[in-house]
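Paired with chain B in one complex and with chain C in the other, chain A is shared by the two complexes that follow.
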Partner chain A sequence: MNKLTKSLSSFVVPLISILLAFLVGMIIMVCMGKNPADALYFLGFGAFGNAANFGTTLSKATPLIFTSLCACFAYRCGVFNLGGEGQFIMGSVAACYVALRSGITGVPAMILCLAAGMAAGGVWGLVPGVLKITRGQNEMIISIMLNYVATLFMGVVYTNWLRDASVPQTEAVPNETKLPRVLTGMRFTYALVIAIVVGLLIYYFLFWTSGGFKLRAVGINMTASRFNGFPVKRYILTSFIVSGAIAGLGGAAELLGTQFRLINGFGAGYGFDGVAMALIGQLHPIATMVVAVFFAALRTGSMTMQAGTGVPTSVSDIIQALVIVFTVAGMALTKLPQFEQLRYRLRSRKGGNAA
Partner chain B sequence: MRMEHISKRFGDFYANKDVSLDVRKGEVHTLLGENGAGKSTLMNILIGLYQPTEGKIFLKGREVRIESPSQAVKLGIGMVHQHFMLVEAMTVFDNIVLGDKNHKGIFIDKEARKREILALSEKYGLDVQPDRLITEISVGEQQRVEILKALYHGAELLILDEPSAALTDIEVEGLFEIMNKLISEGKSIIFISHKMREVLRISDRITILRAGEVVTTVNRGEYDGQGLANLMIGRELSASQYEKKDSQAETVIELRGAEFNKESKHNGLNGVNLSVRKGEIVGIAGVDGNGQTQLAQLVTGVIRPDQGEVSLKNSKVAVFDPDNFIREGVTHVPEDRNLQGLIGDMTIADNLVLRTTDKAEFSSGGGLFLKKGRIRNYARQMAKKYDIRCTSVEQDVRSLSGGNQQKVILARELEAGPDLLVAAHPTRGLDIGATRFVHDEMIQARDSGVGILLISADFDEILEMSDRILVIFEGQIMGEYSGKNPPIEEISLAMTGK
Partner chain C sequence: MNTAFIANLILATVRMAIPLLLISLGELYGQRAGMVNIGLEGLAAIGSLVGFLVSFVTGSNWLGLLCGALAGVAVNMIYAFATVTLCADHTVYGMAINIFAPALASFIYRVYFGSGSELSQITLMRGVAIPGLKNIPFFGDLLFNQTPMVYITVAIVIFTAIFFKRTQAGLNYKAVGEHPRAAATLGISVIRVKYLACVICGALAGIGGAYLTTCYSNTYTEGNVAGRGFIALAAVIFGRWTSGGILLACLFFGFCDALQIRLQVGSFGIPYQFFQMIPYIATIVVLTLIGAKQAGPKANGKPYRREQR
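Moving on to the complex of A and B:
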């Protein structure tokens, strides 16, 4: 397979999956006695229909972009960071602490908060990384477990140390420290700009630098990388730290840009959403960002759909879930030898250039 | 048991051709042959893993078709594989009754089964402890469990595939006692081994296979070890196409008393001394699995020796790390090219520049920005120079044939300008054309002053290429021979441990 057909075919699987998922979603709508065309129209309108709606979509996409890039980066080095959620939360906790307790406000505070978030996320990613390379512990289990630790730790923070009077939530970050919106009338903030910059940086690192090249090599074949003299363990640890830092930065940005305070349920689900989106985006940072926006659109649009046609938002959840299921199944399918044979046969029947 | 005119063809290749073998009741019948002589294929046919392309199998005079391993078990054929097939987390008892279907209902009458097993164990002196976990018992005992398992499932004919491979000398004695007891009880044994000493001691008859065909079947005592080795190797020295050199140049690598995991005969090294000079090819001959893997990894820094020293260009190595060896000018054509050599899902170009992307030639700022155009051009040059047949250098290296994959590795390793090239089984699985190409490149590298350590289980390759030949057996170097007019018979005997 040459490069062009390879990147084409990696688009085909998610695309077919999305179409199939919508097809099933529409069948469900028909069974509910609703008009699927109307529902889809409202879904699209709610997500992209006007500047305000599109702004909401982008705002919702921002944290997903961060966690999906977090998953993407670790996967590229061949390790599974399922702890995006914990790293995201730790990042927001650190940022919240700095915002409320440092006494600084304004742009310096923003920078400090984001840096603290990155550091906290990085440390949270370091733990499974260190345990993996020194003790051979399974990084997936450790990083999942650390999600719970982070969630509970955040609970301690908003019920004790930074509690807002008698309400189980933290005080809101000062107005001067909130990330401003980029355009008036659209809800997304500079957090989105940061996310896009991070995504582009990762793309540049992975595909245009020697370090990223080697990191990918380690991710595909650790043994061969070791035989070729790459410091495999160092790459693994670094990828964990960077991956955690990305999620932590996302947590800080989400806090400063959208949520402003820690509260029960903050960040819940973002980690695993990110993993799914990275997989659908075929671990390509830019594709991953597009997928994150797509999912955010489904979530934003489903509200309008429910209001406009009475189709519940859970139908949108079903579609989202099916996209994931179909994509993963599709990717597994294309790896089957039978599939290769089938493709080969189809190609040679076309009188093709297979030989 | 009698197999008549068995042939097995894979594509155009005959793994077995017109093989006839008969095993009598109460005898130990040895199969002797080099790697790839067709022993395993023949046994896989017997236990129902493969179907023969032609030929018939008779058991006790009755023709049978063996379509699956479970059917083989039913017919009383049991195999003890070289690598044991035991569930490690289960007890000895559990492993033995595993797959046993002759009980009623869904429960197993454990006490009765255990009594049966102990009685069997007693009868053949197998001495197993049914309640121990597999992980807790020694390798020798694991093997006895395998034998007991086969007997428990009613085996009349036992196939022992290199049974002494993992055992200590004392355990081998025990194994022979058990084998003697088994045949005195009327069981039959097919014994597969490379070790001449054992073959001569235990066999009643010996069938020698070579290149998929039976050379002959002889009785014990008809031939001595040398005679058997000659039959097994069965070749005359054909003149090498390459000129042999006697290099006096400086030494690039020297091993003194190097040991690694020396208890293990098949995955270890024991007191290895060897050296390679610039401009010579040192061939390591030996049957697969006598420490070659460890030797290759040791001289490339993948593993560190337990004892002894390694010197590169006369300075002792302190840090065993592939990167360190690479910087000292050691390159490696590893034995498993897909696992150890190539990044399969990356392109040919990527694999060619795998270690050199930091160089100014391929990136600016020491790796900060890859010059993809330069990399592509370089890859195209290499594809031409090393005759890598591909539609584009942007093709995934996985999609290439084995020969072309090997050329990619060879290009990368030779273009690095090495002082020492370690080539482990460099032509395994390659067709004649690709083999010839790899050999020519290696000779050319030698003539330009590269020292080459060639590790190969292909004796012809060793004879063809080597300026000096060392024989490895059970992790030890058995002897050193000149590559000019090598004493084939002596070397082939050394390969079997005599």
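Moving on to the complex of A and C:
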């Protein structure tokens, strides 16, 4: 397969998958006795209809961008970091501590919170990384176990250590420490700006620096990279730490920008969603960010859809899940030798007709 | 430390180990045919929901378990098609199942029960005492007065051990996971065995999930599988890909789970979440201690293309 058709199929397959997923979603709506056209209208309006709705979509997209970049970066180095959720949560816990207990407020506090979040996320990513390179352990299982540990640890924090009186949640971060909105009337904050900058930095690093080239080489073929003298283990460990730090930064930004306090369910599911988005985005940082916005649009829009037509929001969850199911299967399909033959045959027939 | 405490602990250990054991055995059948399925969590989630729903509607726990198994198989067929026929990456596709199946489960639950806060409940499966063995002092009441699922699961463990060690069919099956091309030259249909593996894996993982709602807790809550699908993966590694080893591994993880519940009751002023971490931390520690001596099937997770040499 030449380079052009490869990049074409990596663009077309997710697109077809999205259409197919919507088709299935519409069939489900018809089965529930709802009008799919109405539902789609409300879905689109809820996500992009006016400045406020679009702002909500972008604000919902922000944490997803962070966790999807986290998954994307690690997988580029050939390791599966499924611990995005745990790293995200540890980042938010660290940020929460700094925001509530350091006694400083304002911009210095913001910077300190974000740095603390990155550090905590990085440490949480370091654990599976170290176990992977020293003990050859399965990084997926370890990182998932750490997700549960992180969620429970956050539980300790909001039910005991930083508990807000009788309610099982932490106090809200001080108003001066909250990340400000970029535009009035739209809900997204500077967290989105940070997310986009991180995405662009990753893109630059992966595709325009020799370090990024080596990291991708490790991801494509570890043995060949080792024979080339690349420090494979160091790259794996670094990719875990950086990937964890990205998720941790996301957790801190989400706390300061949107949620303001730790509460039951904070960050739940973001890790796996991030993996899904990275895979749909073909592990390209910029495509991954676009996919994250798309997923967020589905989520925001589905609320309006539920209010307007009675179609439950979980239909949009099904659509999201189907997109990943179809995309991965579709990408595998285009790599099959039979598919290549089919394409070749089609092309030669077309050529025959022309001649 | 009194006898009642220990008795409760043993009882809870067995009850906690069974769902893990069912799911891990499913994974064992998968991996023995070279199918690394990390979608167990999703399969168990859908099995758990369907098992609950069918038990709720029909009032029969057995029908619930059966339908849970069927749901697991149905979802795992998507995985089988994508990985065996389309040669998709096992890990990536397992992840897709982990995202898809719980979304489907929660969708079905919300459509059927609405979004009310009221929890629907079912009656749990009752224990059946084995005459004779039940009269053994102390242990008799603990180990031989369980739900039928416990006995069935133990029977599956024994069957699996014999199947893989002593039968021609079992050896043929294992050959597919070790060296599919060699197996194919012996006339074994590799593709068929791989699909069969996915059917068994889906069914056992589905039953494992359904056990949680029909024999363990009488309600369905989102996320009730709580990582058991991944702990089961660890149990397969810890158990060295043998059914006996997996039995011990699952009893160990079940013990950790039972212990944390008992400790929560005692509490000692420590936040209960720290105790809840025990099974997950135990999994990490165990995996770290046994290291990377991978004894798994050689062709694990590798795609098989028949015409490729």
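Quick note on the criterion: the second predicted complex is superposed on the first by the 348 of 355 C-alpha atoms of A that agree within 3 Å, B and C clash if a C-alpha of one lies under 4 Å from a C-alpha of the other, contacts with A are read in each partner's own complex, and residues count from 1 in each chain.
In this section, contacts are C-beta pairs under 8 Å (C-beta built on N, C-alpha and C of every residue); 3 or more make two chains touch, one makes a residue touch a chain.
Please read these numbers as outputs of a predicted model, since none were measured by experiment.
Using the contact criterion defined above for the overlaid structures, shared-chain residue A:264 touches neither chain B nor chain C, since it reaches no partner. Ranked by how many residues of chain A each touches, chain B and chain C are led by C.
Shared-chain residue A:137: touches chain C; no touch with chain B. Of the two partner chains placed by the overlay, only chain C lies in contact with A:82; chain B stays clear of it. By the touch criterion defined above, A:35 lies against neither chain B nor chain C after alignment on the C-alpha atoms of chain A.
When the shared chain is aligned, chain B comes close enough to touch A:231, but chain C does not.
With both structures placed on the common chain, the touch criterion links A:279 to chain C but leaves chain B unconnected.
Of the two partner chains, neither chain B nor chain C is touched by A:50. Counting contacts by the rule stated earlier, no residue of chain A appears in both its interface with chain B and its interface with chain C.
In the complex of the two chains, the chain A residues touching chain B come out as 1-3, 6, 208-211, 213-214, 216-217, 220-221, 223-231. Residue ranges of chain B in contact with chain A, taken from their complex: 300, 302, 321-327, 332, 334, 339-347, 350, 354-355, 357-358, 362-363, 366-370, 391-392, 394-396, 399.
The part of chain A that touches chain C in the complex is made up of residues 32, 80, 82, 131, 135-138, 140-142, 144-149, 152-153, 155-156, 159-160, 272-273, 275-276, 279, 312, 314-315, 317-318, 320-322, 324-325, 328-329, 331-333, 335-337.
Touching chain A in their complex are the following residues of chain C: 38, 78, 81-82, 86-89, 91-93, 95-100, 103-104, 106-107, 110-111, 115, 226-227, 230-231, 233-234, 237, 271, 273-274, 276-277, 280-281, 283-284, 287-288, 291-292, 294, 305, 307-308.
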